[in-house]
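Below you will find the structure I want to go over with you.
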């Protein structure tokens, strides 16, 4: 076991972990931050997406020890300081960008990373950016709409309510 | 996954020492190795992370071309190579997905030499030099078939140096599930001639399409390859496409790469 | 005017707040004190005889608490099929035992024959590998191809079942001669052989189960990823383990999608319960995605020959089909209903067809069980019909829109009795077709085609007019057809003393938004604020009973039960109000949350009545019990019949064969709509899955029964950039005539109506591009297949 220390959602945490402990397991089992979900074992579905030093990564394909000292943000750290939903979370609710909710944390984290880099993405850019996040419920329509809306853009007429 | 000791050296020298241990395995971005270990198809006893080595990161234009540290992520290449080698930046910008690009590295990709990976085509078409902790290896000598390279035990890639072409393009046709290249073609035009490298298509891994190179060196236009045929022998047949289909893609994508080269 | 609250309002979903904050609680998120970890040991061969299992080494490994094999469960029951289907000759279907763990033989790759329980997941995994090494399995020839399975009786999936046939079903057998006669005299016959591709449902949350046992009380608890916890309780308690139903609680907490795959009871659920009892500790099993591919019930997998008899001007005279339907190695719970009564009964489509005959041979193979997946039988029927109608149009040089118009039932023909046993209560198929033509801008197609052609792309347009039978199902009817269960549903409406309400529903929400929509309905009916109503679902200890959520039934069946319970609340409220207001019960009217004496200003609010029911000081105690809680069961009188018209436009790259969906337009009739936002979301999701089936998804077993598409690396799930924005409309509504809300169900429509629209569009594009030799391409219409068809 080796000690690992990182900042998670603004709080410093440390624990003894095995070499094989994945960041996803560290968050879910070690810190009980179960909003980060496990939907596959081949690094494809994106449900486990979190931010490491501001970059979106799949926490199921990163060893906890490899991000020693990093600043990690999970879905539990995405709300506003007063606990209300952030702009992007609110856009997902307003535009029905989720159904079963399982892929949703990953979708929100991936979308937030996109908007941080590209505040006014096109529809095509949103779709391309989300290619590492699989949703089985929504057909993606309302997810794309929610991300465009969260960026402050008019949602295309075709996607209007 | 089996357990292992995790070490994260901060210099190449320390990494070399760590890699000398029994059962040591280099870990770069881990986007392929981690799932492989989860399936228990790899079981190193020591995992040596290369992501903490500052001297193996970054993109730098020098006399020999564009040098990219082995631990440089696809996202960084997509951003920082753009001004110098836009086709390479485009390639990096379309590997995997954004999360994969934030972790996956050029060194990891080139070391693994997946027959459907994107980077090997750029390395081979550019006549790049693979730099390791021991030596420099010319691209033509480096790739030795599917998942097989010139790397020795304990040897790892510290960087890749790409001669910058006059113009180039990479066109990838996605395998619909994995989004690796069902077939991808990298065309690079140099003063000395044109090089064409194909990934995703062959049972022998990335290869150069020499007939197209000759034709394009004579006349750099899509029409120049129109009359060529690609043999389906040795091309991959799988769930997603037959050898004949891939042979067709090689030609179609080559034409598109030539037309789109910049 | 759109409403902003109550029935018909696009109320935002209340459940979203927890999902968006990472506070959802899925089975994999639950950690219990003292929990142990189960790992299943699965066959890596498709078919084999278990010669020996030596458990000693595995049992002695660090942390291992228990090792189970098929031997441990050989004396308990099997997991049963829910429908008994009879063959054409009247004999009942062959029904092999489906054990908790394979015993004697393994019958598909992924068939679990043992399980390890250990202190940690990794320890269980280590021991599972050891046990696999210590197991001797004699490999037998794999039976994979359905035609070969039927033709080669020497190779048997189940030794006692010759020819690997579960049943040979004719629907309706008595009509067969008339159908054959209609074909003999028909001016034109169109024939199409097709494959309805095998799919893996792939809800994003993999299956998971946690078993608990309380030795003090003898109570069991199963927390599991289920669409219908009561059905799971019935199956695991009464049929498999022999636990009294009242000693087992089944909880399905937040469930991350189902699409059919989580209807069924699976062996892992029985295993964790038995293990929890043995160890006296909680036992958790969480599927890896690769296990989902190996062991979840798959969907579709039909090979069909369909023939259509018509006049030369496209009037449909008769339809005849022969289908081989794969059930895999064992009968999953709904597997025998899906290719029969959810398929054959829909084979008239939305058309006036005098003669229809359907034959389905259901075949055992050494593959994972196959069962209902979103749409379940109806997508297979719709695809066959809509593809053959389209082919007929091409053969006869007729316009596909006009041919549909000619054959669609007209509003004056309802109720309409089909030749395949259903009575469609209401519909207006012309209206949805007209709406789709308008919204899809069919008139502007030629200009778009020309623009595509200028880019070197072939553009095509495909149409599908479809119908489904939903709101599953009238118990009396399905009982006659072979169902072993009733398909009613139930709800309890509990009004608390302070006037807020808990509604316990038998329907389970795993993405559908019941917590919001059901509250809208109750609040609307009672004239109170939506926020005063909570929906409770997914816990057999809290809910009266329920048959769960599938078959687009939640609102039509459970919603009707809830509606009925609310009516009982109102009726009781009137009695209380009559007493309090000193008026005759018949003079009390309930409106906008108030009980009042007709024609006066004397009134009591709903809250006052609720309070009085629990503080019955001024109350008719001699004739009325205190309290305000009502339960209702509702059994539908008929199926519901959502219908619609879908138009898809595609662009095909003729050099690579790649198909891009350029646009997708849906005009649906779901009857009355409770929450348009949610209904539209359901259609989006269904269409996304339908596009997935049409273009991307396929489950492939090789000849040895190894599954080649066992991860997202090879099984192509639709991604955001594979699909467009969809245009959806549900304005052409004809309310269901036999349920109180007038609703039909919307969950499966998109997945049912869309695949033929996509494939018809691809064929249209190829024909317009001059590739008129291409008459059909099997799904998924992948780039390689399109390219091969063009160049074939």
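For reference, chains read A, B and C in written order, and residue numbers begin at 1 within each chain.
Note that in this section a contact is a pair of C-beta atoms (placed from the backbone, for glycine too) under 8 Å apart; a residue touches a chain by one contact, two chains touch by 3 or more.
Remember, predicted model here, so these are calculated numbers, not experimental data.
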{"item": "Chain pair with the higher count of C-beta pairs in contact (A-B, B-C)", "value": "A-B"}
{"item": "Chain nearest the overall Cα centroid", "value": "C"}
{"item": "Distance from chain B to chain A - Cα centre to Cα centre, in angstrom", "value": "28"}
{"item": "Intercentroid distance (Cα basis), chain C paired with chain B, Å", "value": "43"}
{"item": "Touching two or more other chains - residues of chain C", "value": "122, 290, 712-713, 717"}
{"item": "Numbers and ranges of chain B residues touching at least 2 other chains", "value": "1, 3, 39, 178"}
{"item": "Two or more partner chains touched - positions in chain A", "value": "20, 41-42, 44, 131, 133"}
{"item": "Touch list for chain C against partner chain A, complex", "value": "10, 12-13, 15-26, 28-29, 31, 122, 201-206, 254-257, 259, 286, 288-290, 510-513, 677-678, 680-681, 684-689, 691, 711-713, 717-721, 723, 725-727, 750"}
{"item": "Touching residues on chain A, where the partner in the complex is chain C", "value": "20, 28-29, 32-42, 44-45, 47, 74-76, 78-79, 85, 89, 92-94, 96, 98-105, 108, 123-124, 126-128, 130-131, 133-145, 156, 158-159, 161"}
{"item": "Residues of chain C defined as touching chain B within the complex", "value": "122, 125, 129, 290, 655-658, 696, 698, 700, 708-709, 712-717, 722, 782-784, 787-788, 791"}
{"item": "Complex contact set, residues of chain B against chain C", "value": "1, 3, 39-40, 173, 176-178, 182, 239-242, 244-245, 248-249, 252"}
{"item": "Residues of chain A touching chain B in the complex", "value": "2, 18-20, 22, 41-44, 46, 49, 52, 55-58, 60-63, 65-66, 68, 110, 113-114, 129, 131-133"}
